[in-house]
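In the two complexes that follow, chain A is the common piece, with chain B as its partner first and chain C second.
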Partner chain A sequence: MDQFIEQIVTGLSIGSILLLVALGLSIIYGSMGIINLAHGEFVMLGAYAAWVFHTYLGLGLLASLLPIFLVVATFGWVIERYVLSLLNNRPLDTILATWGVGIMLQQAVRLMVGSELRYVQLPPALSDSMDVFGIPISSYRVFLFVVSITLFGATWVLMNRTTVGMKLRAIIQDRSVAASFGINAKRVYALTFAYGAGLAGLAGALVSPLKSVSPDMGTGYVVDAFMVVVLGGVQSLAGTVASAFILGELSGGIAFLQNDTVAKAIVLLAIVVLIRFRPEGLFTARVRA
Partner chain B sequence: MPSNASNSNGLQRLIAQLAPLLIVCAVVLALPVLLNNDFLLNKVARYLVLGILTISLGLSWGFGGILNLGQAMSFGLGSYAMAMALKLKTVPVHTGVSGLPDFMVWNNVQHLPWFWEPFRSLGFAIAAGLLVPALVAAGLGWFMFRGRVTGVYVSIITLATMVVINLVIIDQQSYTGGFNGITDLAQLELFGVAFDAYGRATYYLVAGCVLLSLLVAFAFTKSRAGLIVQAIRDHESRVRYFGYDVALYQIFVFALSAAIAGLAGMLYTVVMEFASPTFLGVQLSLSVVVWCAVGGRQSLVGAFLGAVLVAGMQGALSESAAFLETWTLVMGALFVLVVLFLPKGLAGLAQATWRWVAQRRRAAGSAVARGVSQTEGST
Partner chain C sequence: MSISRRTLLRNTAALGAFAGAGLPHIWIKNADLAYAAGGEIKVGVLFSLTGTTAIIEESLNKATLLAIEEINAAGGIKGSKIVPIVEDPASDPATFSEKARKLVVGDKCVSVFGSYTSASRKAVLPVFERQNNLYWYPTLYEGRECSKNVIYTGAVPNQQQDEFVPWLVKKFGKKFYLIGSNYIYPKEENNYCKKLLEKLGGEVVAEEYVPLGHSEFSSVINKIRATQPNVIFSTVVGDSVVALHRQYKAAGLDPEKMPMASLTTSENEVAAMGGEAAAGHFTSAPYFMVHKSPENEKFVEAYKKRWGADKVTHFVSEACYFQTYLFKQAVEKLATSDLTPPNIRDAVKGEGMIAPQGKVQIEPDNLHTWLWPKIAQAKSNGQFEILVEAKDWLKPVPYAAYPGQSCTEKGLVEKS
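Entry: the complex of A and B
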């Protein structure tokens, strides 16, 4: 029984990291239809930003979260403004362009700070462990879980209860009608992309104490995050949450029963089958076109 | 007669389209005469093989509109088919008891697994190198296109499938050599000719295959089926309303492209003298997309040259680590620029330039003619 609960908790922990990374991707893909292959690099930038703030400015991880969000969001804004906005109506090409941007970011980081592994310290206040259902787990993982849920809540409020969110939803429904009502679609898109990038940066900063930081750390995340988005359904934030935890539990569970490789392969195959039979994702209601 | 005129016009167009293809092939075949360095020749052969792989992607992406991000899967399958046959032909010193490959001995495998048995025959291996990728692609194509999966989702499914196969190959170390791949291979021997990786014979084998794949792909794009495939790329539903079985044509071009990639994979094993899981890795697969986009996805010759030039440049610069690092950065920037401003790649640029020059010439010619007629009128 203890082992079972431990598995569940591990799954929740994997799931909260997945959610952190996938949230930004989901916003960008769901609202702009852009598959952002540079997303992993935004995660990587966030992790490096955490490292830079810590080593050169002496800022703790928690104190540097807001600046990290702003820095990576700025990157996102620039990229949307000067690359992606030129690619209207060419969705396949946005994959290629964002991938190229990803290579550039990765390589630029490699040239500037080298490809050695970097480490970020756990915040001292969260480096102990606490008991959950009688099982000791690290406080930091609990913290990650809480943060990921909080960020999801913030994003939901932003999308559904603010003017910017309303404008964005209007553009998603019909861009030209929204524009004729005076909504500046370009500006809203740039802000959306910047917000998604900023979220990715936060994710990178938050996972950096758990894993080592390297220029190519983003590659694995982007695939996993993408699977979360596909499984959850493109325009459903709640679906993203559900699928993040489902995938977390699944890969935790299968990895426990078999091994990591088999877990990865099975999850990927499941996604392939899902795309074929339910491309709109598990958690979206069918909408009439 | 008008029909005769249009016929000769069509012939002229065909020749104009074939010309760059034949020029490229002539250069490829003539190269060993100019290049008297076996090491360099081996390198060039390697880039030519990558060129074949890129042609295969151009066929499915540029002409079929199917962006296959897992093109390296077919390449890797072909490469492993060849490597398995050549491994079984190695001199007994390198292999374990009763001809068991060395890595199986290390992994305590007692008997040759059943799916290795037929690879004792080279003919079977070559057939498998073409057919296994084609059949896998046809199966995957059936799965996707019958369900009307399109666009981005095709890319995700192909990429995910390749990653799964890659994971399985790395995981099943005792049957596939795992992370190390299959190394220490015998030389390929066909019809009494031994193909040493650094020999001229291998180069000509590769060059011949370049010619063959270019011609097969070209013939396909000119065939009726090829035209329908291009029509599907441009407007899928319209072709469906005409009563064509859209999925069938998509499956066919997908499988044909996989077979060509399989051929490239087999040649790669011969040229590199090993097979490795990186041959069906994400890195290579995405690089092929870059080469294809830079060269021109809608031009077979363009795709081929894109691969040879970009991969060749990368190889030339890899002598120095600092250069290579910077090059990758430049490469990423170049790629983004091509995607933004040259969706048809360098081939599109060349075509546009050619058309512009021709137009200028015609304009100049007609101006001269006008001048002549004017002077004639005045006298």
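Entry: the complex of A and C
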């Protein structure tokens, strides 16, 4: 029984990391419909920003979260404004463009700071483990869980309770009609993309003390993020949350019973089978023609 | 005048004999000139500068170049300069093979230094065997290979484990949890470890492999908690090492009760995971940066001076460094007109030197290297403390896990 609870808690932790990484993509891909293959590189930039703030400015991880968000969001804004919007956000063109941007970011980081692994310190206050339902678990993992839920909450409010969010939803419904009501679609798109990029950067910074920081770290995360968003259903923030935790529990559980190699294969297979029968994902109720 | 059929035949045969005897001579002469043309000896340097394993291979490239620069600054080899031709195989085995062909056939390098992963070594092997060229491989690896075209200067399983596993059993206990990345190297190392444990009456509580690049170890940690091993025997490689150590630390496990014993964690990985995550765990290798010897002091100082004061040396970069000097010693023994890859291979057999780790020597039988096993514990300052140094150097036995087989000068021999 103890082991069962332990495994559920572990799954929640894995799920919260998946959610953290996928949330930015859920906005960009899910809402704007841009297939952003540079998402993993935004995650990587966030991790490197954490390293730079720590090594050169002596800022701890928690203190540098806001600056990291702003830095990576600015990157995102520039890329949307000067690359994607010039392609009129056409899906096929943006796949190629964001892929290229991703490679350039990777190589730029490699050229500027070298390709060795970098070290980001775990915040000392969170470096212990604590008991949750009698199960010892890393305090930092609990912290990540809380942060990911908070960020999801903030994003939900932003999308559903603010003017910018309403404008964005209007543009998604019908861009030309929204524009005729005086909404500056270009500006809203750029801001949304920047917000999504900033979230990815935060995710990178937050996972870096548990994992490792290298120029090509993003490759793994972008796959995870797309799995979560596709399974959860495009345009469904709540779906993203649910699917992140489903995937977390599933891969954690199979990894415990079998091993991580098998878990990876089974989870991917399950997703392929699922989207064969439910291409819109698990949680999208309405599908527009 | 008519030419009879008989004379024609005879003349043709004579011409054929001339061609057979004469032309190869001309070719060999040309080859000689190519290998040591204009006071230059060209060698290839084939380590990935981009892609996943660039993280570590960059330091191998640097150690090799440092040795070449030192040799050239001291007057080269009998007046000839070593000219390194650096290629970037981008961590991709197919590119390794393509670049190796370019270095050997196109640039006519007399030897190539390269590779970190076994996959990349296996990919270039056919090129060196077909062209009868020579590859210098600095990495510890799984053994079970017997090529006449590779000089192996890293440790094989018996050199890393013969001391290590009995020491661990004695100090911590008999229950081992084997964890590795999912490819050939960890599987062969674990294979050998299980044989040693069998002799010692040890027990394997789990044997598990994670995908390369894997970074989520919480389920593994749960399993470790459930099985309560005495030792976690790790052959996880690359950035996964960093993630495993950090998550072990964050989960509150205690290295004093359940240490990780690794064959792959070097100063390089420790720098990336931070001393606090590495502290208390063990590594077995022939070289550590803190090893005290005049040769090592010189190596570490030169490396930091050339590449930056924050850089670390480790057991693979040390092998890169000394194998370049062994190459120099072998070439010095040869006349310029004899400078060919097979001759270098024959000249390096039995050749030795005082490397930073101690005296090393190439075993004539299998072209692997006699090394000095050491066991060290990581400290929170990012360096290791050497706890056990072998009293004697250890012979390389690449087929240690396969009792019927041994690698000799004639190639792989199966004893019945």
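By definition in this document, the second predicted complex is superposed on the first by the 284 of 289 C-alpha atoms of A that agree within 3 Å, B and C clash if a C-alpha of one lies under 4 Å from a C-alpha of the other, contacts with A are read in each partner's own complex, and residues count from 1 in each chain.
The rule we apply is simple: a contact is a pair of C-beta atoms (placed from the backbone, for glycine too) under 8 Å apart; a residue touches a chain by one contact, two chains touch by 3 or more.
What you are looking at is a predicted structure, and each value in this text was computed from that prediction instead of being measured.
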| item | value |
| --- | --- |
| Which superposed partner A:107 touches (first chain B, second chain C, both, neither) | both |
| Touched partner set for A:220, first chain B, second chain C, both or neither | second |
| Touching partner for A:156 - first (chain B), second (chain C), both, neither | neither |
| Partner chain(s) touched by A:117 [first = chain B, second = chain C, both, neither] | second |
| A:136 touches, of chain B and chain C: first, second, both or neither? | second |
| Touching partner for A:210 - first (chain B), second (chain C), both, neither | second |
| Touching partner for A:261 - first (chain B), second (chain C), both, neither | both |
| Touched partner set for A:99, first chain B, second chain C, both or neither | first |
| Common interface positions of chain A, toward chain B and toward chain C | 107, 110, 259, 261, 264 |
| In the complex, chain C residues that touch chain A | 49-52, 54-55, 58-59, 182, 208-211, 213-216, 218-220, 222-223, 225-226, 239-240, 242-243, 246-247, 249-252, 268-269, 271-274, 276 |
| Of chain A, residues touching chain B in the complex | 35, 83, 86-87, 90-93, 95-97, 99-104, 107-108, 110-111, 219, 223, 226, 230, 259, 261-262, 264-265, 268-269, 271-272, 275-277, 279 |
| Chain A residues touching chain C - in the complex, by the definition given at the top | 3, 6-7, 10, 13-14, 17, 107, 110, 114-119, 121-122, 127-129, 136-141, 209-214, 216-217, 220, 251-253, 255-256, 259-261, 263-264 |
| Complex contact set, residues of chain B against chain A | 67, 143-144, 147, 149, 151-153, 155-157, 160-161, 163-164, 167-168, 170-171, 282, 286, 289-290, 293, 325-326, 328-329, 331-333, 335-336, 339-340, 343 |
